[in-house]
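Pasting in a structure now, in C-alpha cells, and then I'll have a few things to ask.
Note that the chains take the letters A, B and C in the order they are written out, and that residue 1 is the start of every chain.
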Amino acid sequence: MPLLEVQNLSKTYRQMGGDTTVAIGEISCKIEPGEFVSFVGPSGCGKTTLLMSIAGLIAPSAGQVIIHGKEVSGPPPNLVLVFQDFNKSLFAWRSVLGNVRFGLEARGHRWRQGEDKARSLIDLVGLKGFEDHYPWELSGGMQQRVAIARALAYEPEVLLMDEPFGSLDALTRLELEDTVLQLWEELRTTILFITHDIEEAVYLSDRILLLSQRPSRIIEELPIDFARPRNQVITRSQPRFMEIRNCIYQRIRNESALS
Amino acid sequence: MRASKLNGLLFFLGLLIVWELVAQARLINPLVVPPLSRILGVFSDLVWSGQIPLQVASSMKRAAAGYIMAAVVFIPLGILMGLSQSVYRLFEVIVEMLRPVPPPVMIPVAMLFFGLEDEMKIFVIFFSCAWPILLNTLDGTRNVDRVLLNTARTFGLSRWKIIWNIILPAASPQIVTGLKVSLPITLILVVISEMVGSTDGIGYFILDSQRRFRVAQMYAGMLTLAILGYALNQFFNVLYRLLMPWHVGLMRMKDAA
Amino acid sequence: MLFALLLLMWEFGSRLSPALQSYLPPVSRIFRSLAELVISGQLVSHLMITLSRFLQGYLLAASIAVILGIVLGYFRLAHSLFEAVIEFLRPMPSVAIIPVAVLLLGIGDAMIVAVTVYASVWPVLINTMDGVRHLERTLIDTGRTFALNRRKILWLVVLPAAAPYIVTGLRISLSIALILVTTAEMIAGSRGLGFFILDQERSMNSSNMYAGVILVSALGYVLNRLFVLGEGWAMQWRRGMLAQESV
C-alpha cells in the first residue's frame, strides 16, 4: 500500500469580486515509502498549493489526500513542510539550537531531553559550531539548513519541501542539494520536493511528476534511475541527464505555449 | 471585509440594547448606571440648551491656545536644535530634566502661578505637548537627507530659504506625527486640569455632575468627550489632507514599497 | 550649561525677590525640604502608596490586555465582533472614567487602581492586537505544519513573535499608568504623591510642592530605566537584529 496517495485533488480560489482561480485542476498520484519525488512545472501552476494541501494546511475544494489509509484533514502528525521563505519561517527569538529543539518539542520530547539529538542534527546539516547563533546572524543557505534540521528533528515520515533553495544563489543551491541527499540517504524519509529548477529535480529524484499550466494536472511521470549516491559532476555529465532535462524542458515549453 | 464590520456594529448595537434592558429592568442600580435612553435624552437636552456646547467651547478655547502655542514655540526650537549642535547642547539638559515630569503633576505648579484661570490650563497643555512636538521635530530635522541639503546648498540658497523650502517640508512627516500625537494629550490634559482646578469646561462638567449625583448628565458628558476625541482626530486628518496632499501620496508610495 | 545657568538664576533671583519666593522658592530651599520630607518619612509613605497603586494597576492591566490582545488579534471572529466597540471607546480620554469610578467605588485605593487599569489596558491591547494580527502567515503555518494544537501555537509561536509589539505597548502604558495614578490622587484621593503635591499647593507650601514634583518625576524616570533594562534582558535576541538594521 502506498504511503501517501493524492486522489483527484482540486483547488479553486475565490477572489474578491467573484472571480475564481482554479489553481489545481485535478491531480492524482501515489507515493511509496522512502521515495524522493519531485514536482516540476511552469510558474504559477499551483505547486505550492498542492504541497500545502498535502500538508493539510489548505483544505482542497475536491478530492482528498490519504496517508496510511487515513484521510488528511488538518496537518497530519507524521509529515512536515519546509517553506521556501525560511526568513519568515524560522523563529527569530530562538537560537539555532532552539529552533531545532522546537522540532523535538513538537514531537513531544520534554525540554532537556533530546539536546543530543538536536546537536547531532545540527552537525548533520553542516552547522556545527553555530548552535548558539541567532537566525539573523546566518546566511540564507545556513538559515535554510536550520529549517531543514528543525523539520527533521520532528522525525517525520514525509518531508515536504517547497522550492527550498529558490531564493539562494547557485553555488549554495548545489551544496544544499547534496546535503538533502545525504540526509535522505541516512534517514530514508520520504521526500516530496517542489522546484522550478529542472536540473535540480533530475539530480535529486527517483521520480519526477510534471505539472501542466493552471488548472494543473499531471502531464507526465518520469522515473529517474541514475545510480546513487549521486554526484554533482558525474551524474550531471551523463548524456542521459541532459536528455531527460531537455525532454522535460520541451514538455514544459509546450505547455506554456498552449496556455 | 464588509461583513465583518457589520458583525462588529451589530454586536455593538446589541450591547447597547442589553444595557438599556438591564438598566430599565433595574438589574443594575439606576443611580449608578442609568438606562441608555435617559442618558441620550439628557445629552440631547444639554446640547440643545447650549450647556454642552458652552462647556466644550471653554475647553476647546484653552486646548487650542495651549496646542498652538506649543507648536509655535517647539517646532522652531526643534528645527534649531536639529540643525545646530550647539543649540542642541544648550537645551539638552533642560529637556532631559523636564521630560520625566508627568504632565498632570504640573497642574498644581501652574495653579501656584496662575490660579484657576485659563492661563493655568493653557500652560499645562503647553508643557505637555512640548515633548512630542519637540522630539519629533528634532528627529525629523536630523533625518533630513544630506543629499537634499547639499542640493539646496549647491543652488546657493540662503539659510532661511533652505529651512523654509527644504528642511521644513522634508521633516514635516515627523513634525505632523508629533502634532498628531499631541492631540489626544491635549484633550486629556485639558480634562484633567479642569477636573483638578476649574469652574467650567467639559472636564469640570463631568466631575461636577458626578459630585451632584446627576449621573445621567455625567455620562452625557463622557459621551461628549468621546465624540470630541473622534471629531478632533477627523478634523486633524482633513486638515492634513488639505494642507499636505503631496505627503499623503508620498506616504502611500512608501507603504507600497 | 544653560541648565546650570538657569538654576543659578533661579536660586539668586528667588533669594533676592521676596515676592517671587512664594511661587518660586530658591532651589536650595526646595532640596532642603525634599531632604527633610524624605527623612521624616512623610514623603516616603506617600511614595510607597503611589507606587503600590501603580504596580497593582499596571500589572493587572498588562495581564488583562496581553491576553485580550492575543485573543482579539488571533481569532478573526472575536476581532470583528469587538472592532466597533473598541473604535468607539478609543477616542474617549481615559481620565473621563474617573468620575464614574468614584461613583462606583468611592474614594480610595480601589477606585485609583481601577482607573489606572482602564487607562493602561488600551496601549497594550491595541499594540498586542496589531502585532498579532500582522504576524507572518508563514510563521503561523510553520507552527501548524508541526501539528501543534492551537494553544501550543499561541504559546510557542504567536506570543514570542508578537513580543516586540507587546513590549512597545507595555512601555507606553508605563507612563500612562503613572499619570493616571497621580491624576486620580489629585482629583479624589487623600494620600499619595499626587494628593501630596496638590495639598501642598493649596497650603501654599511651594517648596514642599516642588519637592513632591521632583520625587514623582524621579519615580517616573527610575521606572522607565528599569523597564528599558528589563526589555534589554528579555529581548536579547533582538539586540543584534536591531543593531544590524541600523547599519
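Criterion: a residue touches a chain if its C-beta (ideal position, glycine included) is under 8 Å from a C-beta of that chain, and two chains touch if they have at least 3 such contacts.
Computed from a predicted structure; not experimentally measured.
The busiest chain interface, judged by C-beta pairs in contact, is B-C.
In terms of Cα centroid distance from the overall Cα mean, chain C ranks first. Among the remaining chains, A is positioned farthest from chain C, on the basis of C-alpha centroids. Chain A and chain B have Cα centroids separated by 53 Å. Centre-to-centre spacing of chain A and chain C amounts to 49 Å, using the average Cα coordinate of each chain.
Computed from the mean C-alpha positions, the centre of chain B lies at a distance of 18 Å from the centre of chain C. Against chain A, in their complex, chain C makes its touches with residues 136, 138-139, 141-142, 144-148, 152, 156-157, 160-161, 163, 237-238, 240-241, 244.
For chain B in complex with chain C, the residues that touch the partner chain are 4-5, 7-9, 11-12, 15, 32, 89-91, 93-94, 97, 100-109, 111-113, 184, 187-188, 191-192, 195-196, 203, 206-207, 209-210, 215, 218-219, 221-222, 225-230, 232-233. Within the complex formed with chain C, the chain A residues making contact are 52, 55-57, 75-77, 79-81, 83, 85, 88-89, 91-95, 102-103, 105-106, 134, 136-137, 154. By the touch criterion given at the top, residues 1-4, 6, 23, 76-77, 79-85, 88-100, 102-104, 175, 178-179, 182-183, 186-187, 194, 197-198, 200-201, 206, 209-210, 212-213, 216-218, 220-221, 224 of chain C touch chain B in their complex.
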